[in-house]
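These are the structures in question, set out in turn.
Here subunit A shows up in two complexes: once beside subunit B, once beside subunit C.
For the complex of A and B:
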C-alpha cells in the first residue's frame, strides 16, 4: 500500500526533502530503538549458539517462559471476554455515567505499573483490605494468581480499546435485519455481530497477550519474584542481570523480543484481514 | 381513505398510528391498508415520516398510539423478531461473513427448518432472483443490484407476512435503478407477497406502486392509484411533489374558474362556493401552445403568452411561457418531439396558451385570510 499522500511536485529539480526526511527518521530511531534491539541479538549470540541454547534451556528459564505464557493466556482470555462484553454494552446502550465507565476502563493505561502492583498488594495482600479475610492457604499475593490479576489490571483497556471503535461504527441495520428475521439478541450477537468482530478480537487479544508477557512493574511487587514459583520471564531477566548472569538474561530477552516481533508482524501484515468488512 | 372493509380483508392494516420523538410529532393519524398482492408506495420528502412508518410496521420502533394489524392479527406490541415481516434495508444489510446461500438460509436456520428444506428453498430462491452462479460469493463480491436481490431472497425465504422496502434503489445509479425496479415489480407480482416501499423518488413511486400514499410532515395527504394521485391531486403539496405543476390563483364565479382574463369551465365534480379562493393546477404536458389539430373535447383557451425560454430535455422540450397577466411567473410547458418538429418555437414568439386537463384545489391560505379579514 502506497504511503504517498499527495503526488504534488514542489520543486523543479530533484526533491531532497523526501530522502532527507527518511534519513532523519532512521537516524532518530537508530540510537533509541534499533540499536538497543540489535544489541540483544548481537550480544546474545556473541558466545556462540551452544551457549545461547544452554542458557535458554535452563530449568528456571523454561519455567519463567512457561509461567509468562500461562499467566498471560489467562489474563488475555479474561480481558478479551470482558472487553468484548464492555464494548458491547457501552456501544449499544446509553445510560447515566456511561462516559465515566469508559474513562474508568481506560484508566489502567495511565497508571504506572508499579502503582498498579502496589494497589493490588494493598487490596489482596495478607494485611490488605480484602486479603486480611483470606486464610493463609488461600492467599492470592505471591502466587501465580497474583500475576494473572496484575496482568488483567494493566492490560484491562487494550482489547476493549480495539473492539469498541469497531462496534461503534458497525451498521446497526445488520442487527436490525437479524431481529426482523427472527433472531434473539443472543443469536444476533453470535451469528452476526461476533463474526464481524473477528479481526478486532484477534487484534485485541494479540495486543493484550504481548503486553502481558512483557509486564514487569506490577508483577515484581505482587509475585515476590520467587524462582521456579512466581518468576516470570521479565523478572527472570531482571534477577539474572542483578546476579551478573548476563548471558542467561540475554537468552530470555531474545526470546521475548522475537515473540514481540512475531505478534506485531501479524498485527501489521494481517491488518486487512483483521479489519472488519 | 380507509375502506369500509374489516381488518381481516387486508394483509396489512395501519390504524391511527401516531409517533412523537420528544416534543416533535413525526407521525399523526396514519391510516392505510395493503391488500394481499398489492404494492403500496409511501412517497415523501426526507423527514416526512416514511421511514418511521416502516420501522413501526417491522417492530423496530414502537408507535405512540395506534395499531399494526398483519393478516388480521394485532402485532403492535409484538417484538420484531416474531412479527414475521421481511425488511429490505437501504444498505441491504447483508451479513458480511456469510455468503449468498448462508444469508438466504439464515432465517430458516433460526426457525430450525430441516436441512433438506433449507437447501430446496435456497435453490428455488437463487433461481428466482437469477443468482445461481453467485451463491457461494460474499456480499463484498457482489454488485449493488445483486446485493439487493440477495436481500429480497433472504426476506422471502421465511415467507414473511409483508415485505418492507426502505428506499431500496437509493444506492444505485439511474440506469440500473430503472431496470431493477421493473424487475422487482415483476417479481413481486409473480410471488404475490404484499409489499410496502418507501421512497422520495416520484418516478419510482409511479412505476412501482399499485397505490401511492403521499406523506407530508407526518401526515398522509392523499392515497390512491398512481393515475389518481397524479391527475387528481387533492392538495397543493401532492400536486407539486408528484410531477411538475403550474399553479394559478383564482376564484370560483358562477360555477367557473376565473383569474383576471382567464375563465375556464369546470367539471360538475367540484363543489365550491361562489367566490371561493382556489388554485388552478396545470401539468406542463396538459398545456398546448397552439390549438391541437385533432381537437380534444376538453380543450379550453387559457390566455395569450410569450415564449421566454426553451430547453431540450431528451424525450421532450421544456418551454417557459410568460402569460399576458400581471404578477405571474412564467408557466412551464412540455412538448413532445412530434409537436416540437411540427411547430418549432423561438424565444419572444407570441402564442395562444390552452389546456386540455386541469385540476382545481381549494386555496386554504387565501380562504383563511378572507375569513380573518371578514371577522375583523
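For the complex of A and C:
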C-alpha cells in the first residue's frame, strides 16, 4: 500500500517524483479548496464556542437544517428508485431513442440551478401553466414540496449516473445462471442484480443527498425563503449573510461543511461495510 | 451486523422522513406573512411585531404570529408577483407597490392608507471608513479615481434607486444654488464618475452593508439608519451627510390577492397600526424617521440635519422618476456606456 499502487517502478533508488507530485497536489488544493474551508472554521471559533453554539441552536437555524435534511431525503429516495429503474431499463433493452433518453436524463447537470427553479415556477407557480389549475389550498410552490421538486430536478441524473455504468459492466453470467435455474425475472432482479448494485446504490444515494442538502439556486426561487417555514440551510446562510449576521451564517456553514465531509468519508471508507452482510 | 445496519438505516429514515413543523403552527392563532425590503428587520422583529401581538391579544384575546422574509425591494416584489404567500409588503419604493397593483396582487386602495401609504422615511447618506481617510465630503468626491464604492444593484434593490436619485438630484440642487439653473450635464457626469468606481453591486442595501462591513470598498451610499445601526454596534465607520440629499419614503400595503376574508381584519389592523404613535416611535428608535409626527424625530439625537432635503416629488414622483432618471439617465447613459 505504501510505495506505488500500480506496482510499476520507473526509477531505481530514491523516487523523488512521488513526494514532489504529492506536494504539488497539496499546494494546488491549499489555496483553492482547503484554505477557504479552513477560514470558515477559523472565523467560526474566533468569537468563542459559546456564541458558536448559540448561533447553531437558534430555532430558525435548527429548523433550516432539519428542513434541508427532510427535503433532501425525499428527493434522494425518489431519484435513487427512479435512477435504478432507468438504469435497469436502459442497460437491459435497446430501443429506438435510447440514447436520447440517456441525454434527457443527464440534462439537469448542465442547467443553471436558477433556471431549474424558474422553470418550476413557470410550470407549478400559482399563475403557471399547470399551477393555475390547482386550488388555493393545494398549491405546491412556496411550500416544502416545492423544495423537494427542485431537489429532484437538480439531482436527477446523479444516482442514475452512478448506477448505470456499474449495471452495464456487470457480468451477465450470474443473471443468466439465475434464469436457467428457473428464477423469474423478479427473483433474478431481487436476489442477483440488486445485491451486486448495493455499493452503487448507496454511493448514488449519498451523492444525491449531499448535492440536495447544498442546493441553493433553485430553492431560493421556489421556496419563498420564509424563516421557520420554507428556509433551508443554504438559504438561511444567505439570509443571515444579507442581514449582516455573518457569525450566524458561518455556524451553519460549518455544519454543512462537516456534513459533506462525513458523507464523502462514508462514500470512501465505509462502502465496504455497507456492501457486506 | 445486519441487525445493526437495519437499526442504523431505520433511524435515519425516521429522522428524515417527517417535515418539521413550524414553531408558530403549534402555538395557534393567526399568522401574518410579511415580505419586506432589506433594512426593516430590526424594527419589525424586535419591536413592532411583539408590540402589536400584545395589543391584539389584549383587545381580542387571540394570538397573532408573524413570519417574514427580507430582500431587495424589487426582488420581494417579483417574488410576490410570482405567487409568494405574502399577506402584506413593506417596500422601499412606490414603484414596486404600483407594480403589485398592476400585477393584480394588490389594489389601488393602498394609497388611501394614512399618509398616502407611506409608513416611514430616511435620508440617504454616505458611509466611509473611520476617520474618513479618503476625505469624502459629498457625492462628487465618490467619483474621484482613487475611491472604491459599494453600491447595491438597482435591478433588485430599491435603496440603489434611491441612491441614484439622490446623487442626481443633489447635483441638480447644488448647481441651481450656485448658478441659478439646474445643470443636468454635471449631474450626469457625477453619476458616471461614481458608477465607474463601483466595485460591487449587491442585491440589496443590507447585503451591500454586509460587504462594506467585511472590509470591501471605501464608501457606501445607503439609508441613514444603516449607518446609525452600524455606529450603534461600534463599527469603525463615519457617516458623511451630503449637503443635498433625498428622503426615501417607504410604502406598506396589503396583498389583497392572498388575504382571505377571515384574516383580513387582523392584517388591516396591523397595517393601520404602523401609523400609530407607538409604531412610529418604534421606527424612530431604529433610526427610521416618522412620517406622522415630526416631533417624534427630535427624540432621536443621532439624526443628521440635512441642509437641502428633497423627495422623489422633485422629479415628479416615481411615475416619472423611474423612466426619466433610472432608465433614461442611469441605464442608458451611465450603465450601458
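Here is the rule we go by: the second predicted complex is superposed on the first by the 245 of 277 C-alpha atoms of A that agree within 3 Å, B and C clash if a C-alpha of one lies under 4 Å from a C-alpha of the other, contacts with A are read in each partner's own complex, and residues count from 1 in each chain.
Criterion: a contact is a pair of C-beta atoms (placed from the backbone, for glycine too) under 8 Å apart; a residue touches a chain by one contact, two chains touch by 3 or more.
The shown structure was predicted, so the numbers you read here are calculated from the model rather than taken from an experiment.
> Sharing subunit A, do subunit B and subunit C clash or fit in the superposition?
Superposition result for subunit B and subunit C: fit.
> In this superposed model, does subunit C or subunit B come into contact with more residues of subunit A?
Subunit A has more residues touched by C than by the other partner.
> So in the superposed three-chain picture, is A:174 touching just subunit B, just subunit C, both, or none of them (first/second/both/neither)?
It touches subunit B, and subunit C stays clear.
> In the overlaid three-chain picture, which partner chain does A:91 touch, first (subunit B) or second (subunit C), both, or neither?
It touches nothing on subunit B or subunit C.
> Who does A:184 touch here: subunit B (first), subunit C (second), both, or neither?
A:184: touches subunit B, not subunit C.
> Can A:192 be said to touch subunit B (first), subunit C (second), both, or neither?
Touch status of A:192: first partner only.
> For A:270, using the defined touch cut-off, is the partner it touches subunit B, subunit C, both, or neither? Pick first, second, both or neither.
It touches nothing on subunit B or subunit C.
> At the Cα centre of subunit A, what angle separates the centres of subunit B and subunit C, to the nearest 10 degrees?
About 160 degrees between subunit B and subunit C, seen from subunit A.
> In Å, how small is the closest CA gap from subunit B to subunit C once the two complexes are overlaid?
Comparing every C-alpha of subunit B with every C-alpha of subunit C, the smallest gap is 14 Å.
> Where on subunit A do the contacts with subunit B and the contacts with subunit C coincide?
276-277
> Okay, in this complex, where on subunit A does subunit C touch?
Touch residues, subunit A against subunit C: 59, 63, 66-67, 69-70, 72-74, 121, 125-127, 131, 139, 141-142, 144, 224-229, 239, 241-244, 246, 274, 276-277.
> In their complex, what parts of subunit C are in touch with subunit A?
By the definition above, subunit C touches subunit A via 1-2, 5, 13, 15-20, 22-24, 33, 38, 41, 67-71, 79, 82-85, 203-204, 206-207, 209-210, 213-214.
> Enumerate the contact residues on subunit A facing subunit B in the complex.
Counting only subunit A, the residues touching subunit B are 171, 173-174, 176-184, 187, 191-192, 195-196, 198, 276-277.
> What residues of subunit B sit close enough to touch subunit A in their complex?
It is residues 58-60, 79-87, 89-91, 93, 95-98, 106-107, 110-111, 139-140, 154-155, 158 of subunit B that touch subunit A.
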